[in-house]
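Read through the structure below, which is laid out as structure tokens, and then see the notes.
All chains are identified by letter, namely A, B, C and D, in their written order; residue positions are counted from 1 within each chain.
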Amino acid sequence: MNTEVLTLNEERNVTLTTYIQDCGEGFGCVAKRPAVLILPGGAYQMCSDREADPVAFAYAKAGYHAFVLRYSVMDDCTWPNPLNDYEQAITLIRSHADTWHIYEDKIAVIGFSAGGHLATAAATLAQNRPNAAILGYAVTSQHVQACNPNAPETISAVDRKTPPCFVFATRTDSMVPINNSIDFMRALSDNGVAFESHIYAYGPHGFSTCESSIQDTRPQTICSRVPHWVEDSIGWLKDIFGECTLEGMTDPLCPAHINDNYLDYLTVDCTFAHVMAIPEAATLLAPMIDALIAGLSEQAKGMSAAFDDSNGTSMVSDMKLRDLLAYGKISDDELKALDNQLRQISVI
Amino acid sequence: MNTEVLTLNEERNVTLTTYIQDCGEGFGCVAKRPAVLILPGGAYQMCSDREADPVAFAYAKAGYHAFVLRYSVMDDCTWPNPLNDYEQAITLIRSHADTWHIYEDKIAVIGFSAGGHLATAAATLAQNRPNAAILGYAVTSQHVQACNPNAPETISAVDRKTPPCFVFATRTDSMVPINNSIDFMRALSDNGVAFESHIYAYGPHGFSTCESSIQDTRPQTICSRVPHWVEDSIGWLKDIFGECTLEGMTDPLCPAHINDNYLDYLTVDCTFAHVMAIPEAATLLAPMIDALIAGLSEQAKGMSAAFDDSNGTSMVSDMKLRDLLAYGKISDDELKALDNQLRQISVI
Amino acid sequence: MNTEVLTLNEERNVTLTTYIQDCGEGFGCVAKRPAVLILPGGAYQMCSDREADPVAFAYAKAGYHAFVLRYSVMDDCTWPNPLNDYEQAITLIRSHADTWHIYEDKIAVIGFSAGGHLATAAATLAQNRPNAAILGYAVTSQHVQACNPNAPETISAVDRKTPPCFVFATRTDSMVPINNSIDFMRALSDNGVAFESHIYAYGPHGFSTCESSIQDTRPQTICSRVPHWVEDSIGWLKDIFGECTLEGMTDPLCPAHINDNYLDYLTVDCTFAHVMAIPEAATLLAPMIDALIAGLSEQAKGMSAAFDDSNGTSMVSDMKLRDLLAYGKISDDELKALDNQLRQISVI
Amino acid sequence: MNTEVLTLNEERNVTLTTYIQDCGEGFGCVAKRPAVLILPGGAYQMCSDREADPVAFAYAKAGYHAFVLRYSVMDDCTWPNPLNDYEQAITLIRSHADTWHIYEDKIAVIGFSAGGHLATAAATLAQNRPNAAILGYAVTSQHVQACNPNAPETISAVDRKTPPCFVFATRTDSMVPINNSIDFMRALSDNGVAFESHIYAYGPHGFSTCESSIQDTRPQTICSRVPHWVEDSIGWLKDIFGECTLEGMTDPLCPAHINDNYLDYLTVDCTFAHVMAIPEAATLLAPMIDALIAGLSEQAKGMSAAFDDSNGTSMVSDMKLRDLLAYGKISDDELKALDNQLRQISVI
């Protein structure tokens, strides 16, 4: 392994610590690896060592290259300094993809607390976004400004291009209220972004990997399931990135978006509501929907009510068009033809 | 084990299946056990066997008595029939606490999909509430009426007396949108109710215990972490109820409420914002807060801004009074005196 | 689920308790299931309830039909009464394979302590052997006769037809010394039988499923890994039997024998030593071995010493012929021809 | 973290790679840490990188300092060169206990395959033994000399001073037969040494940490439980060493020896057979045993036969004297007096 501390900004004391693993034939091992960029917490007043090395080791064990960014803090934390530090770090890492044997489109950020805020900013506001984000007891809205008066809340910045997120926290966190995580999930949901989330029953703020050498792990202090986030986040990254094997990366099992609503045009994998909101598409679909309802069996007759979206909670509004039409007798060819027509219709 | 099918309502075909385990000296085992009441799903059109026996076995293995309620469905599901079925079942179970060797204040409901809706109704609207609720891909708001036109959404019914909840679902559930779970969590959070939650990256609706004999468990179909909800919910119930041991129940590790806001009076374990909203209490506290701010070190000076709650996101508003005052020089006696004074102040 | 207590022998008070799960289309579920036959412990003086129901629940949860045999104890335990009870039970179960929807060749015994002794007897001495055996802190040699003066030790009875075994115990068991498990494994190894084994660092005898309602589970009493045997044994049974899915059983991942030495004739999947011990086969193979050694690269030249079996620890003696010959240039056709010739050679 | 490659022997190309973690107040973390010394495998022809860094990361994650010893191989592997390399490494590490912040009596070796052979040699033959040994598919007897013609088998070297061992392997390992592990366990058992062991149903040799970046982990290749050895060995080390917490090491939960037979004198925690083998002690105990048998209840009368050790399998021979006498009416004072007397009796 090659560990080194690279100075990104001498004035603001910004550094990138590398944990680059051996690769290639000589090692009898994988040719390239995915990577994680770790953003420790510390209320923008410090970068906590407790959320640096231990996290790097966990991901190194799982086969990832790891990087720790110590971003601008204290007087230097004025926004967007920390975000600029991130941009500089991810750009540097991606530009070394070849020499460091990194899959440049398989790089996740992992942020804790204030570092979690920076990770959500990277996932929503950055030019050079990560491919996934792991967010530990992250500040997203409440208390952002108590940490960093100029920094933006990031929930409203979540968009259709936000990468998949893994969100974890303890419900009783008394430093960062749990709504920071819940409301961020809601925004991910509203934008069709893939995510996984674990909110554990109880435990303090700032537990990092929850090893006994870092955190008081007695059951009266912290719930026994909290340490699972480490293995679960690694498992989740495999679902999102694919598995790093001796034959290369396998195909991901979980797509980054739960439907095609994030695209700039329509497809049959957009949701019914998303498609019907575009008048041109609604006109195109109308006869198919009528046929679909007409063809419903007596048993499923009540389902036609499901299409009534007057109160915004239509049962089918969130279904993909593909799944919805499958209830009728649409052929593969018809579906393909429809998909082609929809792809001509752009979403502003 | 004693398994029996009790008829609760012949007309509506409502039954309670019992899985009552051996207890007592003769068994060389525990004297009493906690219990679970299982509410299978099925869109209020049926009670799915897939979410009945297999769930009972999982909890029986963990030492619980189990009950499966097959509530009113199809034409009989008109609200509040299913809720009445629940009331009848829980009342019956609690009235048999002695003969069946049940801890009557350690009974959790476990509901799936539409049964999850019924479980949230039990936790929020019932006369005879459960002591905890486990909610699997539960319908709480969206699609309630598509299943059962007269049934209420339950999110707005969450209150300070709602018991602790364990919420799980898959993010890609195409039958019950994930917002049903997220918004329910938000309501629990807003009411100070303890909860744990696991939203898994991907998988279909209705996976039950996710055993291969019930659900296609291939990785392309469902995320490998989904089956963890079973063990995790059992672990969580132990945190909430205590552990059932040969010497009786141990003390719970996780309280049912994260602060005392749920009480009808104030205490030092209420949140700052909750206490300050009562004018009488605000007056009482004013000098202490002033002293606290005055006593803050130079370093923490900025913190006084934290008390400014003009935008509703004050950093201290969610802190317990006890924790907040600990930053000053309040003595144990002073805290106790304050607590006594607060307990005289009632919250309507 | 259908639970019933069947009397197998009224005089000796032998019963079989059934936990037969629903099957078939109506259930929207699996058509048939594998099964376990549980043999509780109790020093042949009793059949412990602690090792009956709780074990049945664990396997029922995993999709298995379960049966508990309460065999002859106390004055009735004279050998071979308990073994006859087993024979009667397994015969009854297999004869009901159709009505009870059981895969009749996917039935495992699970025995604890003295019940573990009976399980090893079933696996080695019975007419009607099980398809796998799970052995918990089983008595196999030491103390057999202290429990049951007429009962045989079972280690010397292990043979090539013994089914796969899963062996677990605690190293500090003060009732049944750990050599009972170690020596049984050695016998399985010597007979080419597949097995898995977990010996945990510390803990008492008789922990059953290690649930807190059965066993003091505090860390000072019992090692935290002990409860893993339950899930691990279920995972192992899936490897041995295949997985019970909605489409039927999948193929097993782990064969019951690690090579073909258990057959009554030779194959290329027998070990080198096993084949060479038959003069007719040794003659047949001689030229191939010479060619193999001659063809070894300079680098691997030392390996020819590996063939020298004078001290019985030749490096290749335990290799399958197929794997060994793969080091040379043998073609698929030649291998197939050799296999056909070997299959003509019988092993007494 | 401080990673460095120290040359131990330039001529034989022996190196020690360090992974020394931050410690002390400045880190807001533990003051000292336990350590592991990793011995990669490679048939004494190489030191495999696959069993070096990945193992170090796993233990670094768990809070351990890690060291990788690349010992003498190929022409330099003549015994006792590799053992001398180990002695040099452990001596160096222990001599730096203060500067590197290591608990010098909490150092485990972890060896794989041929490195596992070296680890067993360290545990049995070295001057400067480790405090625990983790042995992965280790060569202990069969094939030792095929790897290293001068090296000794280590099973017969196991003695009462051998430190606790954690033994793991796959049952189907075709390179190192499973008897290497089974027979080593038997020797540990015979010498009263604490151990834990996991033999997994199937899988190839040399899987290291079983991460997908190192090993083909498809279920048809390797049993899904194999990767558990990593977490299980870490859990076991905590049982043996105690837990490394912010307040220092906790007390171990599992003693290094299962009884006091390993001492040079007798105690009441020696086994009955061990004590009775010393004539002086047998004379001392005789009246107590007579009283014990006389006092047995009618029900337990048969137990007196348990004391008959004519066939070496007496039921009580492996019981600690303390546990055995507890069946009688011995007082704490009497037990203490007996213990004092026994401690005067030396075992050669």
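For this structure, a couple of remarks:
The definition used in the following text is that a residue touches a chain if its C-beta (ideal position, glycine included) is under 8 Å from a C-beta of that chain, and two chains touch if they have at least 3 such contacts.
Just so we're clear, the structure is a prediction, and the values are computed from it rather than from any experiment.
Between chain B and chain D, the least number of touch steps comes to 2.
Remark: chain C and chain D have CA centroids separated by 28 Å (rounded to whole angstrom).
The distance from the centre of chain B to the centre of chain C, each centre being the mean of the chain's C-alpha atoms, comes to 43 Å.
None of the residues of chain C touches two or more other chains. Taken as a contact graph, the chains are arranged in a single closed ring, with each chain touching exactly two others. Contacting chain pairs (ordered by label): A-B, A-D, B-C, C-D.
On the side of chain A, the complex with chain B involves touching residues 141-143, 145-146, 164, 171-172, 174, 177-179, 182-183, 185-186, 189, 194-202, 219-220, 223-225, 228, 232, 235-236, 239-240, 253-254, 258, 305-306, 313-315, 318-320, 323. By the touch criterion given at the top, residues 1, 3, 21-22, 27-30, 33, 48-50, 53-54, 57-58, 60-63, 209, 211-214, 216-217, 238, 243-246 of chain B touch chain C in their complex.
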